[in-house]
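All chains are identified by letter, namely A, B and C, in their written order; residue positions are counted from 1 within each chain.
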């Protein structure tokens, strides 16, 4: 109170921060009053639809849009691909049609005549040998579909394998999944003279205006990006896409506002996915269960570019003294990838912690003990060790553990438990803030940030309310426009640290200025002042109300701006560790895996909003359950198409599929003191391995490839003999 | 083979004798109940066959009549969203599967993408927007906020309407009832834990 | 979605008449399948005939030899109607549809006519999914396709969830049209056909016809159950299913009917398996044997052998579930 130092209060001394606080925009969202880009519909709006290519690999031979232009209600067409162009995946945009109503736009799309010459394709992401042998052309020339992504060696793996007590060789994999944002990618564009106003579904409000400059020749300063609410991003909505540019062009041509959102199938085909990864792994340990060697080759695809999971995260978290790793990318005629929640980590965890668990089983060691024995090979043993203890208690690990396939379960239903652990950066992004203390006592904070579901508005408001000692309702937060001070994109779990840090510092600085005024006006000792419960206090003595204090700023608001947080301030930090344990029930007669329980113990530094933080972990666990048990992009080798690009066949869990979820934050003072660290990504990493390990524990056999569908579980059970 | 009539078992066996004898037409048994009569009476006396051209219809939404002109092919979802700007029902899956477009029609939760606007003229449609105003907030909305049954919020209004309809029909529903009844909605952010608690609380609060 | 005329008959006769007036029509019941098909332009009728305002189609009535159920009776109404309380296998199906919206809108007639979920069909390749004379499911991804009755060009599986249970009960359907007074009852089992050419559909319905009612025989003294293998707890399609109707006297099976779903282009009547149960005491062992017999002639495709195991399990579990529900 006395010392003017930027920072958080000591643990346990905040009145709002760290508490369960409901979203300030919750009622708007729950009642459908929150408006998304997909909802933008000011008078005169035209609706646009895309014609896309139904082939995986083709050449556009000819294109005739004249009939489409003549269709009732159609106002303009925008050609997005020229005859002669090579199409490298299904869903490639060919033409955008804008019309008075969506059904007229569909009529317009139907009237377009596009002829394709179909070319041979390759879409089998797991088939490395097939990719090497495939006879594919690109631009008329023979194309090589595999790319070395490097090899990297440490120590002497051969010698270590020779000396090892237990050696395990295994094959693991995880198929591609898509982002599947429920609000598809797209925008609403309107011109006002030479000014372009865009309602863009984006995770990057401050960073997207400039992307219109080159394709449209518009001045960056004349582009307004607006996004109050975004219906899911998960890493796929950082950029202005070609269909957004087409939308703006259609708006220019017609002189009308235009809305163009992708349809569901196209959204899945072209608006981003998480690369697949398949790995052959050899891993070894000594008689004590200490991991001594790792040797792996992994491959997979991210579409036309031919990449997969980074070499650097292999093996994941654990770094044995002897290690070889090699990666190969496969070029496929599949849609291109985009950053997907914790890029690289979930796949790497899925082929590392499973291989380690198989080695533990081979060595006859309880998985928990095995992981504990090897924590010194990780980056954060001091975090994982206590987290494992906490998780084991919450899961009742000691009681539930049994050697693989030896559970006491009755009949065909077998229970099992498994664990995995993860790490993530989560440091803050660069965000600026403008803060106003109005003479009436209300506080206004503006940042060019966005709420991708984290609760950005709520967390900013909480920090300001905490600092000024006022109720949440006294704080007004403006985000969602690039006309506010520039803020970082919401990716990499950077937002809550990135926005709360500058908000805290600038709020503190504003409060100190007000203290100066209060000290003079009320003749009190400056060093004794504090702001709590809507009042200014000198020690235990009330000096004035917050409103009286605020009125001292004069007729105009006290306005401060603040830059991004710095490491030295101690407001934020990075690098967290988390532990997860899963319990499953496997029906060995149907191969159906049901979630019984998941425990997540997560280090996030200082918890800003406990209710919303828990939501983030729930969400990550559920997304993890999805890609572990049911969710996958299925590419049909015959047609080259994403054959389950719909929400019937692309199976996502529902409310009855998730079991009991238990979330615990690991927050001793040592971690609290690090300040705010992002949370969105880390808990989505470990579910794959934890659930796969639980299934192996239940049925006594590893189901190597995620998701663990009935087909794969039954096939693994059948092949075990 | 499996489809051999002669070896068929089961209680329906006798019906074939009847069929053999009758062979042709059987008169329909059509007993109209009071409920159906009422519904029919309430329905608009529109022409029984309308052309594909735009038709003037009246939709009763949230207690208000709205006149609009739409082709028969326009779904209730599109009419609500594009014509009436009631965008709480979201257009997500194209496949009558995800629940984001759920509204209440005569009190029952319905995917608004599975109804044509012209079809529901005269029925009482309730959208999520009506559950919250400066004067009054529905308990479901309160409970979704209390348990944070939302993240990005895009699926939320549809889920709210599904829960509202579910709790109307299943007061005192248990957690297990909620799990079984609410599988018609997809949330990508993964808010089911909060939604489940919100649904349970709302059901338990029912009189 | 292409544009269409909209017709709203108020009697069965009007419905038939409206269907007969134009060349291509589609029948709208609950809308849970048709709207998707229209949106994907897999069906492009000149006229949509909405049956919802025909009162007789909403009725459940007791008739001399059983119960007559209107085609537009919803899943929810079906489950709540006391007249249908003894038809446990139907209730099992409703219970497996984990979405209040579909329970409230979906109709029994709509379910019986639900077009296959085969992803090639839904992607526009037709029911037989042929391209350049080649079967796409044969060469492509057939993990959800047929394991029985798949020797011809049709590889899809019948999508109806009620059909196995109804056929096991010996249900008949009343088909009306195309003539103004035409109506015919036929066993539901013979309602479905396996198309052999791209011109054929998967039911006997001809243009201008529709199902108006389903007839179920008296349920007394019979036990029944459906077991659907569901990967997900929410709105999802069974990977395989089986329904059975049994008459058990003094512990001995006297009548048995077993029908599998989602394994063949038509609901698959497991005749030999049913016959094998007669005179037996139903238990885990005899149920397993019946299940083995039911799938003994399966001819799985390149990627769907696992479905044989699923179908086997469905049969066994349906039988044991029915045993639990058996009156004695």
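One rule holds for everything that comes next: contacts are C-beta pairs under 8 Å (C-beta built on N, C-alpha and C of every residue); 3 or more make two chains touch, one makes a residue touch a chain.
Worth saying up front: this structure is predicted, and the values here are computed from it rather than measured.
*Asks:* Considering only mean CA positions as chain centres, point out the chain farthest from chain A.
*Replies:* With centres defined by C-alpha atoms, farthest from chain A sits C.
*Asks:* So, comparing each chain's Cα centre against the centre of all protein Cα atoms, which one is closest?
*Replies:* A
*Asks:* Decide which interface, A-C or B-C, involves more C-beta pairs in contact, and give its chain pair.
*Replies:* B-C
*Asks:* Per the centroid of Cα atoms for each chain, what is the distance between chain A and chain B, given in Å?
*Replies:* 32
*Asks:* Just curious, how far off is chain C from chain B if you go by their C-alpha centres, in Å?
*Replies:* Computed value for the inter-centroid distance: 22 Å.
*Asks:* Taking the mean of the CA coordinates per chain, how far is chain A from chain C in Å?
*Replies:* The computed centroid separation for chain A versus chain C comes out at 41 Å.
*Asks:* List, in ascending order, every residue of chain A touching at least 2 other chains.
*Replies:* Residues 103, 646, 648, 653-656.
*Asks:* Please set out, as single numbers or ranges, the residues of chain B touching at least two other chains.
*Replies:* As it turns out, chain B has residues touching two or more other chains at 71, 73, 94-95, 97, 179-180, 182-186.
*Asks:* Considering chain C alone, which of its residues make contact with at least two other chains?
*Replies:* 1-3, 98, 232-236
*Asks:* Name, in rising order, each residue of chain C that touches chain B in their complex.
*Replies:* Against chain B, chain C makes touches at 1-10, 12, 14, 18, 21, 28, 30-33, 35-36, 38-40, 47-48, 50, 52-53, 55-56, 58-59, 61, 63, 65, 68, 95, 98-102, 104-105, 168-172, 174, 176, 181-187, 189, 212-213, 215-219, 222, 232-236, 245, 247, 255-257, 268-272, 274-275, 278.
*Asks:* Could you pull out which chain A residues touch chain B in their complex?
*Replies:* Touch list, chain A to chain B: 22-23, 25-36, 38-39, 41, 47, 101-103, 180-183, 229-234, 263-265, 452-454, 611-612, 614-616, 618-623, 626, 646-648, 652-656, 658, 661.
*Asks:* Mind listing the chain A positions that touch chain C in their complex?
*Replies:* 103, 106-107, 110, 589-592, 630, 634, 636-639, 641, 643-644, 646, 648-649, 651, 653-657, 709-711, 714-715
*Asks:* Taking the complex as given, what residues does chain C use to touch chain A?
*Replies:* My answer: residues 1-3, 41, 98, 117, 119-120, 122-123, 131, 136, 139-141, 143-144, 229-237, 239, 303-304, 306, 309-310, 313.
*Asks:* Going by the contact rule set out above, which residues of chain B touch chain A in the complex?
*Replies:* The touching residues are 71, 73-74, 78, 81-82, 85-95, 97-98, 100, 127-129, 131-132, 137-138, 140-141, 144-146, 148-157, 160, 178-180, 182-196.
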